[in-house]
Amino acid sequence: MNNILYNTVLFSSPILLCTLGGIFAYKANVLNIALEGMMLTAAFVAALTVYLTGSYLAAVALAVGVSLFLGVVFSVFGVSRKGNVIIIGLALNLFASGFTALILRRMGIAKLVAADFSLTSVRLFSGAASVPFLGAFANHTLLTYLSYALIFAAGVLMFKTKTGVYIRVAGENPEAARAVGININRVRYAAVLIGAAACGLAGVSLAVDCFGGVYAVNMTFGRGFIAIAAIYCGRGYPLKAALYAVLFGFSNAAAMYLQLTSAAAARLLTAVPYVMIVVLLTVASVLKNKGNSLRGFYNE
Amino acid sequence: MLKEKTVKNIKSGVAAFCNALIPVLLAFVGGALIIAAARENPFSVYATMLGRALFTPDGFMRVLHVAAPLILTGLAIGVTFKANVFNMGVEGQMLLGGFVAGIIGASMRGVPAAVHIPLCLTAAVFSGALFALVPALLKAYFKVNEMVVTLMLNYAAVEILAFLAEGVFRDPSAGYVSTDMIAGSAAFGRLFGTNLTAFFLIALAAFAVMAVVFKKSRLGYEITAIGKNPEFAEAAGMNVRKKIIAVMLLSGALAGLAGAGWMLGEKYRYTLDFSGSPGLGWDGMLVSLLGSHSVFGILIAAVFYGALKVGVSQAALFTKIPNEIIFVIQALIILFLSVSYLSKNVKFREGAGRIFGKIKGIFKRKKGERTDEQHTL
Amino acid sequence: MTAIETRKLTKKFGDFTANNEIDIRVERGEIKAVVGENGAGKSTLMNMLYGLLQPSSGEILVDGEPVRFASPSDAIKRGIGMVHQHFKLSPNLTVFENVVLGSEIRRAFAPLKPLCLLPFVRKRPALNDKFAARRLPLPLIDAAAQKAAVERTIQKYNLGLDAAALVKNLSIGEKQRVEILKMLYRDVQILILDEPTGVLTPREADELISSLKELRRGGKTVIVITHKLREVMDASDSVTVIRGGAVVGEAKTFDTDEKKLARMMVGRDIERPKTGGAPVAGGVVYEVKNLSVVAPDGRKAVDGVSFNIRAGEILGVAGVEGNGQSELVKALTGLMTVAGGTVLKGGADITDAWPKAVRENKIAVIPEDRYGQGLCRDMTVAQNAIAGYHRDRQISRFGLLSKKAVIRRRDGLVKNFDVRLCDPDGDVSQLSGGNAQKLIVARELSSNPDVLIASQPTRGVDVGSIEFIHKKLLELKDAGKAVLLVSSELSEIMNLSDRVIVMYKGAVVGEAPRGADGETLGLMMAGVMPGGG
């Protein structure tokens, strides 16, 4: 049981980071579906860095850097050139999965494993790991704790700072912002880049914290889209969206636990979280549209 | 008058062609950089690709064969994009269609081909459509974002099909995860000893039907209206809800057909890499974008992309460039396709239409915001 | 003393000249009215003054100095502010957040402040102040300080707003005051208002005019863009008339009158629409009983509305915008579901009918939002010409459209309703507002309906097209059809209708016969019942 709880805390972290970063673009009305690709690229870079250097800090720096680069590409095409953001997002996702696979193939390996790397040195409160119940919350890396602290940080950034106000106005009524001389494009860049930086951290969290320095092809496996679903369900509010993210982290951890006990149905269980997201999205949407007397569909 | 019209048509045709060509060229430049980084000569790699794919009769027939499922998945994506509905589940629907066709193809013995093949195809078409019905109903009745739902269901489909292929339907004699080989009566034979099968003809027939739907039919008109302005479409009595369901069913059916054809004409058994990577559904997205969601554009793009795929697999044999390069080139093409380089109608943009939009802001918030400052190069 | 002046100011969009060598002078401390028809170029001119557009040639002078504005913030820095017709407010932010937007007050932290407690420092006021004043700004917003600052401005100009309220909960008049407040907070000296009374009740409009006069007393300069001549006469000191992108007349307000201004605006005398013959006492064709509609936000937007329309009758629905007319029309045309009540057409129950069924019942619709529901800008004229009637047997058979029939339909509509096209095969976006509206009217009236539901049929349309559309509505009435005319232009309602009902807060608050005077209707529109109710 403690194991499920520990893994919930751990596996929620990458999704949480991705979700909290993604809400800014959502609020700025720029649908960033490249979260998946940014996280995947960052995971690859992080795994590669610990594989080559063994340095956790370097992994964080490089992963965030590469993810920010993708964020800039996204913004140049989507914000400055006004391309279709969904198509750009798909292209970046495809690029991430293809490019990392290409490098693995050139290296002649199917999976990158930093066998020499150990997380023990970067884990905190390791002494408390064996305490019942509370132990599940100990022995995590700083990044894992940070991902939870970011729930509140994101709230402050969104509601208590200029950047946050501008991002919300840019999404609600860009004309209002433009009329007082706010540069909408700059605000949108900021929103996308905040998400990109968070996805960089999410990649580190996934490849290094969760799997101990491993990169396998397409290892994010839809976590970026799950983050998008969490954002939708939480309508861009940090705390609400974070709850959905943790819920998925829990179902992920539970599925992993059950796989150990019943091997035959293991594959089937991995499908459960995805179906769950669909159910949650549906419930959220039904609640949102309850009492809506308007017929028809509107372009968003 | 007529002449002016022709000139205009030619102009917009040239613009459309350039808008497709420029991204492709840019992507090839990007690909060349990566190939060069891998210490291969990009020119000789591209020459191998082109030569082997297009300039041998065998290679060209192979290209058309590979293009067949791409035509179908391209149309499957194109028809939903045109309605501004994002069916990202073509991949999953295609996999399901292929799987169902494979199971029916393998489990019935001693049936004549004239019955067996249509049975497999029909079952696949229905299962693809049925799978697409789930997001369609959720979107139509509860306004659930279809893009996230279809993406999630893709992952679910991959896992469930893998579960079935590993368990109940596994061929114990195969050394890897695979279903039983389909019966000879279910397999498409090769036409005239070439690489082509009847599947290509079926794809062409589906293409012809879709051409009529897109260009001539009331449904096509309604789909266009819904895609451009759903509020207007609803007000004009088109019942957008029903049309969204119809479009998704059509898309799922085409995807299912694509999977079935690939199964009966190429793969003969369901394996975990049945659709290859990045997957025929995702290829369909590129094909549709490249053909700017028009039927004829999709046909041309499918053949082009088929050539690219055949060429890359040939190049992988003869050079050290791995197959994955196609991924990167595809991603770059899509990325560069997201923005347009030449305006279809330069005159008009400078003209009155733009002014009325810009100055008065008569047309409302949602549209005004993006249209009023679109950049043209 | 001139506050703002333009010299040969010209703005071109491609081949089209929106403003041609405009010379205009506004004196400090006056209220200047700029009048002209829709599309005359008033907004273009003002957008240049406010830095939203950059002139193609010519210059702008503020206080005698030439200026160049790259953006609205440059204009604001030079003391020029603008209140737009469509409010530029963010609904989920509070009043004060909207007001300070772009110039937020940040929290600061005074690291040396503790030193002030030292007796040594306390004795020296200079040093004390210096330490207290040394502040480091933090990235956080100081909401309390912002609110206080905005409240001070509200009080100074007596605007009667709650600084902490969310903008989405404000009435339209209040939102407009927030827009004005936004500019006053930035200490502008010249205030430009674009069609400020279009969305206000007559009473709110009067209030606005008196607060503008108040601002003038305070030394501010006000420029009002409008096409409502009564307000020009009431409020302004001088008038400039613009037609076809050029100045065609200037006058002191006391030297001119509405008639002269109208002639200058249009370039000829305007024909008043002739009201049709005496109301025909036909049978009831269309009947609405106790209809209620609940808006998506849970508000009862339409509350127990009942009325009927007889053959050969135009029933006008008057009211200030936002009092449930939109929702009423949406419910009647199938775009919103009905919460209660019934709708009868020729005795048959068509409550909650979908748009398709509405048309099948021979009810034609001219929707309120021309490019939202009426037309699709990005489709061709022909495709728009059949919208809603694309199931007709002449147009489509067995699910296939006949291209020839579609073209024939388009050509028929364009010819009979004088829709002017540059390119017959082009998109609807090429059409001017008036021609686009004529295309809708053509499409809907050509279907030979029994009932027409027309919502704001002449909004944003040039005078020629208004006359044309009015004529067509009257023809329809004379042909014995029933017409429901919803409009926020009181004069339109009064000129065309045989009977008028007035909506206020979702309910019908009064009914007036043909020929009722504007004042009674105006009072009803503000929710005041005749007879002191």
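General observations
Chains: A, B and C, in written order; residue numbering restarts at 1 for each.
Keep this in mind: contacts are C-beta pairs under 8 Å (C-beta built on N, C-alpha and C of every residue); 3 or more make two chains touch, one makes a residue touch a chain.
All figures in this text were calculated on a predicted structure; none of them were measured in a lab.
Across every pairing of chains, the maximum count of C-beta contacts belongs to A-B. Taking the mean Cα position of each chain as its centre, C sits at the greatest distance from chain A.
Distance between chain centres (mean CA atoms), chain B to chain C: 45 Å. Chain centres here are Cα means. That of chain A falls 28 Å from that of chain B. Of all residues in chain C, those that touch two or more other chains are 86, 334-335, 354. Residues of chain A found to touch two or more other chains are 173, 175, 295-296. Counting partners per residue, chain B has 229, 231, 233-235, 365, 367 as the residues that reach two or more other chains. Contacts from chain C toward chain A in the complex involve residues 71-74, 76, 82, 84, 86, 88-93, 97-98, 101-104, 106, 139-141, 143, 182, 293-296, 298, 330, 334-337, 339, 354.
Touching chain B in their complex are the following residues of chain A: 33, 73, 77-78, 80-84, 86-88, 90-92, 94-95, 97-99, 101-102, 105-106, 173-175, 221-222, 225-226, 228-229, 232, 264-265, 267-268, 270-271, 274-275, 277-278, 281-282, 285-286, 288-289, 295-300. Taken together, the chain B residues at the contact with chain A in this complex read 34, 38, 84, 86, 138, 142-145, 147-149, 151-153, 155-156, 159-160, 162-163, 166-167, 226, 229-231, 233-235, 240-241, 244, 277-278, 282, 285, 289, 322-328, 330-332, 334-335, 337-339, 365-367, 369-370, 373-375. Against chain B, the residues of chain C that register as touching in their complex are 13-16, 18, 38-39, 43-44, 47, 53, 86, 333-335, 354-359, 365, 367, 369-379, 383, 387-388, 390-391, 396, 399-401, 403, 422, 425-427, 429-430, 432-433, 460. Residue ranges on chain A touching chain C, taken from their complex, read 156, 160-163, 165, 168-169, 172-173, 175-182, 291-296.
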